[in-house]
């Protein structure tokens, strides 16, 4: 029945690279002003905050130090200059590749980031993967049998998890897996007594923090997938797919999930800030030598160079996350397009 | 007469509504569909045609209740569990061309992808061959292959209709339910599509049957063996297509009115309005609109010899028994 | 047709559904009553320290037991719920309203408005939440309102993005064409056709925000920037119960934990019922 | 000008036409669907548009209703060329044209009961007070009985929904009416009834009609003239 | 290690007890002595000229003997130990000592504790083996200050003192060398084989930095740690664990409430006296500290040789009420007293997040209420608290062992009122001022003792602070080493504190392998 003539024209629809590239380009252009605004904002807010860099720098010794001594250190650190000067100096130096020295870490910021960034990314990426995959899987299963026991348990657990601070989860996880079962190490990047970093050790030390961080991020993914899929299951396209005799799996994954996962894709981008917050807490609880844990310290000790660098990193992560989710969204829903 | 592909007995569907009321969308429908037969189901909008089709596929909304029985190949469809329906009824025993085809396609996937998926689910097409098979399936319903990579919202109304037909033809199901399969198509395409449907019915070695719900009486005349007329949830007449469209014409006053409303005939609507399905009269539901109605019509006429009317236009006995 | 045997097709469980709606409603009502009425009526001091009654297990005198400086936990839970609900509800409400409006506006206008607004949102989102929270709280005296502000201001971003992308997807539906041709202004289109469709998404975010805000508050307290740790808030109570739990005393954790979770589940239950009502098709049943 | 004049317009004011002037439109600049199509609709005139499926009739209808920006050409409504499209078109121009869309399921907001669906344009244009009277009157005309009005789109049949869509198109008393395959899924009786409704409306208001369809018999019987799409379908 | 966790077998190659992992709560800002690291001794990586032994007595370290002090107390001469090498193999000499002290005193050096060396006028090396300090004024406790670690000139001098790599990768003469510092995670040390005091038996020593008490306790229980510092309520949980021993270090660490001179109520002598006896110190020790501590009546702990016998106060609510009655503070309707229209109430701040201070503050407020004084507890960070210290009470902590001058001078001298965290209560008592000056300058022990007795008696008459408790620091450690002792500890938990102050002297129990 089919003719060769028609077949010539059936080359598959290619990914819309052009619009995607244009969107990415627009985002890249926007990134510069966003970064400028964010770093300046952070400098300004940190400057207006009551935290004192000198006090943080000197630690407990500063409590009994004389005022003269403190003033001298303030001048030495250069934090007595006005805010705009400091920001401008930082910016110009940063553009030449010099990110300054961190007063908290007592190390060049570039070194701090080089040493720690990788571990944070590893932790956050594994956690995110866990959250997305597990959340989606559970969400689909729960939506399939709305009101079933799995749905009820998982939903109640999701709201409970959302109410449970990451500290708590971490502590419980340590208590259960490291203490009661003794199967997983309780913290650190490697065994505390070991000095070498081997992939095996890192992997076993990664399990708990990544799981805790992942699970703390899970409720949003789970509940949005569940709601999206449940709604989609009630709509005509799914009715159509059912009528065609597709298997339950195809109906769920190929139709209900495909239409219902759109909010979840958005979450990929918009949960990045929460992920960073979570990483910050989890790194603290598990003594994970990542960079997120340094954020609070950098903030409360007004360590401008480190704070600015961390902000740049966080901003980049957020922008990339959002770009990724908008690209995925545009791909997943052709009606949205690549306009943003 | 060959064994019935579809056998419907006393099928009723009602919807539970707010305030404990019910809408009786289909009431006591009984008919058989033999292998190789094509039945056209006609009736005014809202009389329950689509609901009847949905009931056969187990695709009614959650507030629906069914009664009666319907069997295909000896398998009881009503009350079958979701698993049976999904694994061995839908697409495989009973295929559907839905009425709003665009709304029944998943908006975020291309037509081609949905065709290929259906092919994979219903036939043993190897992965490599999928595209080719999809093109062929599309071709059957006159869906242009160049539009396979379009998303449903990028299709014109007629294209979406053809896509839906293509999807329904894939499974080679013994029973094909086509709900308004010709909307949005020009006359050439209508003819082509209904011919394809007819061919599909005739081809089947094991015997296939077609239930075509349509308002397009010309198309019905073209392919249908018999015509069933539905009014207010009930089947009021089943007749041979030949006699229905030709002489002596339909017997039920309602069916006659329906034919008379055609633009090529009087182009005048049947006066009055169909009764609300939530509040049906005890007697003949058409009585209020019928110029032949008498006091007798306050009791409901039984469905006998293919007709449910106290005052048919001609004597039913003069026609050959229409239903199996 | 009385004799016809009707089979239902939907998997409806109406009875449990009503039970659950009423359970949720009663819980929410009880909670509201407890936090509004009990404290002013009781005139008890939830701060009263009595070192001789340290860590007593639940008893008639102290139904929830006492904490590690001998304060009555029942009283503290009720007071804590009062503050936490205030934080949770207000923060969730503000975040949801702001997020929904911004997201819907960005998508409804589209083009450059959308781009610029969303980059502003990104800018906001880029400063880590806790950091922004720390600064906001640090700049004011510690107290409830800075905490609420810091939680609300950092949490509307997800909602905004979700609402925006849903609206974007809705914007090209044919019924939008119909509305435009019916003379609907952009505002009307958004308010009447687009927003109601995304409300369930925003509502879910709001419900999730309630418990999240409560714990966010305690995270700030943990860093020394939230409510004072002696002040009873559910977050604080759960937080400070950690070490008691390690020592084997379960009640300082359990009761505040339940106080945190049960109202959340009840609110979620009501939100589910509401979603079902406004959803044109959902008729299966009420979910949590 | 939000309200169309009640009295039929006289052809004397030649400005009161709906004119599509060499319209080129589509969804891909390189391969437009509609190429240089011109069409003029005089007041009170009923024009049928016939053409093969997928040739671009609905696209043209959307252009005429100011819902789709053409790549080239202009639309003139009552002597005023359209300057904006969709939301940027002035409300008076948008509402001067009533549209019945091809697919009722897709063009109805699933959360509005039929009553609100019909009333929506009145509310959107700030004419709330007319709602009860006008909705009741129109529902009667198109044959929607009481209880149906309270149902949501997924609770009624496609034909019933199409009636509501027609009522919605008429509710603002537009001077121009575009019916895109309005009767495609309706039975003969309902078709005849709805055509009668439209004709009655046109007789009362003097509105012009563009009826898109495939059924040449119907269009010929219904319209003053029918136009056959010249260009072959794009694919 | 005494680890029960099978995973930590990876510590590899070490015999039982040759490696130790301890959990600590504080992390040094820097590891450079020039910036203040290890200024109180026991820095593991470094040695000072002198060191403190278990009884807090000075003993020679890099100096060959205790210093010779001139008659006028202005010149200190140290003979250096010969043959000591830095761990990089370079010899230690007098110029390293001179370099270290001069650099610390340099204005460009960001060392916040340089004022502790305020008395130094000059330091020089005479010959290779001797260093001589000259002081600006006689300063009796000066020798105590020379426990501060000596940095190698040949490395540190070449770098920026504030930011150079030496601040994180130091080299010293001490018993251990640093093998890694992963900030926020751990600091690890390896025994220095060429240590002048002999190679330590514990070959590997790791300090895991775990700020959260609960996490530390959990990891200790999980076998991840061999020892850890714990707050009293968590240490309690290890009582039944036979394999672990709890070491309670006596301290100078006190908790006190400042009664600021700028507050109308708190400056009233009757109020101060009443509060001083209205508080139930023993209950605080028993309930808040789980018995691990002592009531405090002043900065000097009971039992110290500097403590003035007879200044203990007993809890006596009735007398407290009477004092207030007599002074005209009359109870109002709600039980809160007032005098001349001034209600007896003031706020009390504590550092938020500090559980121990919070509990002390709450208990104090509740005791005060019984006497008719309303104290409203409030929490904040130091940024919030500091500007309010002149008028609001603060739950403060402090205490330095060694010389009584170290904290009493800063705490009580009126001229230091409002100077940072010195004299937080704005205490102003000329008698005390004079006695403090005397104690600081006099070289004679008896004279000094008399002076500090005066201070303590004055604090009974006019208690500008309500001292509450002296806190024992609790360390739970695996029982697999001999030789564990604790020093008397200061308020801060530096790296130097805990049973591991002399980890270099530990010997694994029952040397099995």
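Each chain carries a letter (A, B, C, D and E) given by its place in the written order, and its residues are counted from 1.
Note that a residue touches a chain if its C-beta (ideal position, glycine included) is under 8 Å from a C-beta of that chain, and two chains touch if they have at least 3 such contacts.
These are the chains along with the protein names UniProt gives them: A, C = ABC transporter permease; B, D = ABC transporter ATP-binding protein.
Since this is a predicted model, take the numbers as computed values, not measurements.
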item	value
Touching chain A and also chain E, the following chains	C
Number of hops, chain A to chain C, where each hop joins two touching chains	1
Chain of greatest Cα-centre distance to chain E	B
Between chain C and chain E, centroid-to-centroid distance (C-alpha), Å	45
Geometric centre distance via CA averages, chain D-chain B, whole Å	29
Length of the line joining the C-alpha centres of chain A and chain B, rounded to whole Å	53
Computed distance of Cα centres, chain C from chain B, in Å	49
Residue numbers of chain D (touch at least two other chains)	103, 105-106, 154
Of all residues in chain E, the ones touching two or more other chains	214, 218, 381, 383-384
In chain A, residues with contacts to at least two other chains	50-51, 167, 171, 175, 236, 262, 300, 333, 335
Complex contact set, residues of chain C against chain E	47-52, 54, 68-70, 138, 141-142, 221-225, 228-231, 240, 242-244, 246-248
List of chain C residues in touch with chain D within their complex	173-175, 177-186, 188-189, 192-193, 196-197, 278-281
Residues on chain D engaged by chain C in the complex (per definition of touch)	2, 62, 65-67, 86-87, 91, 94-95, 97-99, 101, 103, 106-111, 120-121, 124-125, 152-154, 165, 168, 171-172
Residues of chain D that touch chain B when the two form their complex	27, 50-54, 56-58, 102-106, 143, 145-148, 154-160, 162-163, 181, 184-193, 195-196, 214-218, 221-222, 235
Complex contacts: residues of chain A adjacent to chain C	26, 30, 33-34, 37-38, 41-42, 45-46, 48-51, 146-147, 151-152, 155-156, 159-160, 162-165, 167-168, 171, 175, 219-220, 223-224, 227, 230-231, 234-235, 262-263, 265-267, 269-274, 276-277, 280-281, 292, 295-296, 299-300, 310-311, 314-315, 318-319, 322, 325-326, 329, 333, 335-337, 339-340
